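Labels run A, B and C following the written order; every chain starts at residue 1.
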Amino acid sequence: MGQVGGWLAILAGGLVVTIELSAATLVLSVVISGCLAVMSISPWRVLRAIASAYVDVFRSIPILALAISVYYGLGRVLHQLGLSPFDTGVLVLTAIESAYLAELYRGALQAIRQQQWDAASSVGLRWVGTLRSVILPQALPPAIPITLNMTVAIIKDSSLLSIIAVSEVTLVANQLIAETFRPTEVYFLVALLYLVLILPLSQVSKYVEKVVERRLGIRPGTEQDKALRRLSIEAEARAG
Amino acid sequence: MSVIHGLLPYILPGALVTIKITIGAWLVSALLGLVLAVVRDTRKRVITIPVVAVIEVIRAIPPLIILYIIFFGLGTFHINLDPLTSAIVGLGVSDAVFTAEYYRAGFLTVAHAQRDAGMSIGLKRMQVMRFVVVPQTIPFIVPPLLNSFVGLMKYATLASAVGAPELLYGAQNYMETTGRVAPAAVAIMGLYIVVTLPLTRLVKGLERRVRARTRA
Amino acid sequence: MPRSSVSMRAGIALALLSAFVAACSSSSSTTSSISPASTASSIKTITPGVITIATYGSDPPLITVGPGANQLGGLSGDWINAFAAEFGLKVKLFQTTFASTLTAVQQGKADIGAPVYYTSARAQLYYYTYPVDVESLVVFTKSSFHYTGPSSLLGHKVGSVTGYVWTPYFQKFFGSDLLVYPTAKDAQTAFVNGQIDAYLDADLNYFSPPMSLSPTISVHAVSGGDFGVPADLVSSQSYWIVRCNEQGLANALDVARQKLVATWANLLTSDGAPAGYPQQTPSLVKPAEAC
């Protein structure tokens, strides 16, 4: 069993990189997606067009295809900019995941009924003011489980960056298998590590979802509940 | 253009395999998801707890790892599925846990009152499922199932990691043989955008129509 | 063994055909009517009548994959195609990453694995054939890089391939500065792009794309102990591998190789080896088999 312990220690090193990769991608994605979502409901057509184009393009491209194209196609440029495979991986993953997250944030913003906007404008608030004081605070609670579910999606998709030499846990596992010739055991250990990382997150996400529902006074089975449930499922399925 | 001529022998066969993987995995996901959702719908905790556990575990494992486990892991027991089958099974199983959630959300839209009505006229739970719940769920299911199809088309690229000769694999072959990245990169990303975008728009349109129906 | 007398008959009849096939490095499909049925049936493969080879990409002139789906060329291809012709087998390729070729053979996804080096750990699982070629570990850097020995690479990004025999030593020596790629071509592309400062692999890679004998690339020799690599792994031969219980297959491959001895030296040239390419005529001796 000491052998398994040794393997776990090696894989744990890769898991650290997985966590760093996912954290960096998450932070960047939240910022970018927030901006994109606001842009897509803004009254200015140019902003809506830009957001729409970004989301349309990056939600259509598979992560592996973009990663390989960027890393090997733009290799010289990346080198001149001093970007390592890790940096490239974060950029590629962020570009694509932020597109999905932006759509989900937009759904959360649009779920806030028109009445709120009308009421705010009747009080004299302009668009930006309404957004800041009325809409965003209401969109924040549902955004939390969405973001948590997206974190899970990001952690899972980070495994794809093993293809461009990012030493996250999947790559470390492949190297370990080449040395030990034991794919089943190693891949099960890797699955275990992902479980340890992700299961707590999804449980927290479910709990937060319930808290949010209670605070917003949503009863299960109602349309709002269905909308919220759909949003959070889609968050994890990177769909919608 | 000669570039396109050079690309086609790599891209065309790859596109065909991608389509095969997408359809195969989608069928696995749609059917397995339904089974999971129906089984999970029961009130018997003895059944729901293990099923939920399995669903949660699969949902927490990256599809790439599931693919590796099916392709290399089963190989240790001398169950050697070829890359294409491994991809279809692996991606299908990986997606089925999400499809199951979509079905569940759909079941919930069928009000309890309907189910109780069904039970009260003597239908057993399975029959209520078959004749009352599932038929009414279908319009709600179509957009997410279509979504899952589009998603699987993108995740089909993972199959290249276990040697299935799909689109990305073909593109990589081209890059390795000719040393040029740009034509293959543009081709594969362009193809994906051109195919995926209209489908995603279609899904959004369908979703809007379904939502309008619920409001009524 | 009864097979050897039959194969001698077939071999004499087919020697010319084999040499012709090998020299042309042509496609793998064969006419099974040429070989007697008894030789074909003595070769047990996972798919009857088909020899499945796990490959990890092209490295001309040693081995080339494609352009057809099941075409193997180069020096290794010459050997395999001669073998396939002699024993009435069709060639099927399972093209994947380097590390996966080893697993593929181990699990029975392929009959033969593309040439790899010998280690005692690998010998526990695989039976080796005669050697294919001889290679030495070298350091590739850009000519502008001032390489003075292994320590001059510390702190720089260095690349190699997942599954290579040296990779565990490199990982200890370089730590997180070592980038491992799925295939040699990926690593070489990154090196040529400048994304890694040095690439560690066999000397023969210098002759093929993407490095292609470029004058901007310098090749530095490696001695035993450099990077922690033991002396017996600095210069290695590569061999085809089969599963331990498939020794008959390996011996059949050796039989085919034996028949190419006369023409072997010329094959490299006809496979397009550039001037200055080291001759690949290792003595036909098998390594210490452990199974």
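Keep this in mind: contacts are C-beta pairs under 8 Å (C-beta built on N, C-alpha and C of every residue); 3 or more make two chains touch, one makes a residue touch a chain.
Nothing here was measured: the structure is a model prediction, and the numbers come from that model.
Colleague: Taking chains as nodes and touches as edges, what kind of graph is this: line, ring, star, complete or other?
Modeller: Its topology is that of a complete graph.
Colleague: Could you find the chain whose CA centre sits the greatest distance from that of chain A?
Modeller: C
Colleague: Centroid of chain A to centroid of chain C, CA atoms only: how many Å?
Modeller: About 42 Å, centre to centre.
Colleague: Could you tell me the distance, in whole angstrom, between the mean C-alpha positions of chain A and chain B?
Modeller: Distance between chain centres: 19 Å.
Colleague: Taking each residue of chain A in turn, which ones touch at least two of the other chains?
Modeller: 72, 163, 177, 183
Colleague: Could you list which residues of chain C touch at least two other chains?
Modeller: 103, 106
Colleague: Would you please write down the residue numbers of chain B that are in contact with two or more other chains?
Modeller: In chain B, the residues touching two or more other chains are 72, 75-76.
Colleague: Would you mind writing out the residues of chain C in touch with chain A in their complex?
Modeller: By the definition above, chain C touches chain A via 97-99, 102-103, 106, 121, 125, 157, 159, 162-163, 167-168, 171, 176, 179-182, 186-187, 189-190, 192-195.
Colleague: For chain A, which residues count as touching chain C in their complex?
Modeller: 71-72, 75-76, 78-80, 84-85, 163, 165, 167, 171, 174-175, 177-179, 181, 183
Colleague: Tell me, which parts of chain B touch chain A in their complex?
Modeller: Where chain B meets chain A, its residues are 56-57, 59-65, 68-69, 72-73, 75-77, 98, 101-102, 105, 108-109, 111-112, 144, 147-148, 150-151, 154-158, 160-161, 167-168, 171-172, 175, 181-182, 185, 188-189, 192-193, 196-197, 200, 214-215.
Colleague: In their shared complex, at which residues does chain B touch chain C?
Modeller: So the residues of chain B touching chain C come out as 9, 13, 72, 75-76, 78, 80, 162-163, 165, 173, 176-177, 179.
Colleague: Touching residues of chain A toward chain B in the complex: what are they?
Modeller: That would be residues 56-57, 59-66, 68-69, 72-73, 152, 155-160, 162-163, 170, 177, 182-184, 187-188, 190-191, 194-195, 198-199, 202, 220-221, 223, 226, 229-230, 233-234, 236-240 of chain A.
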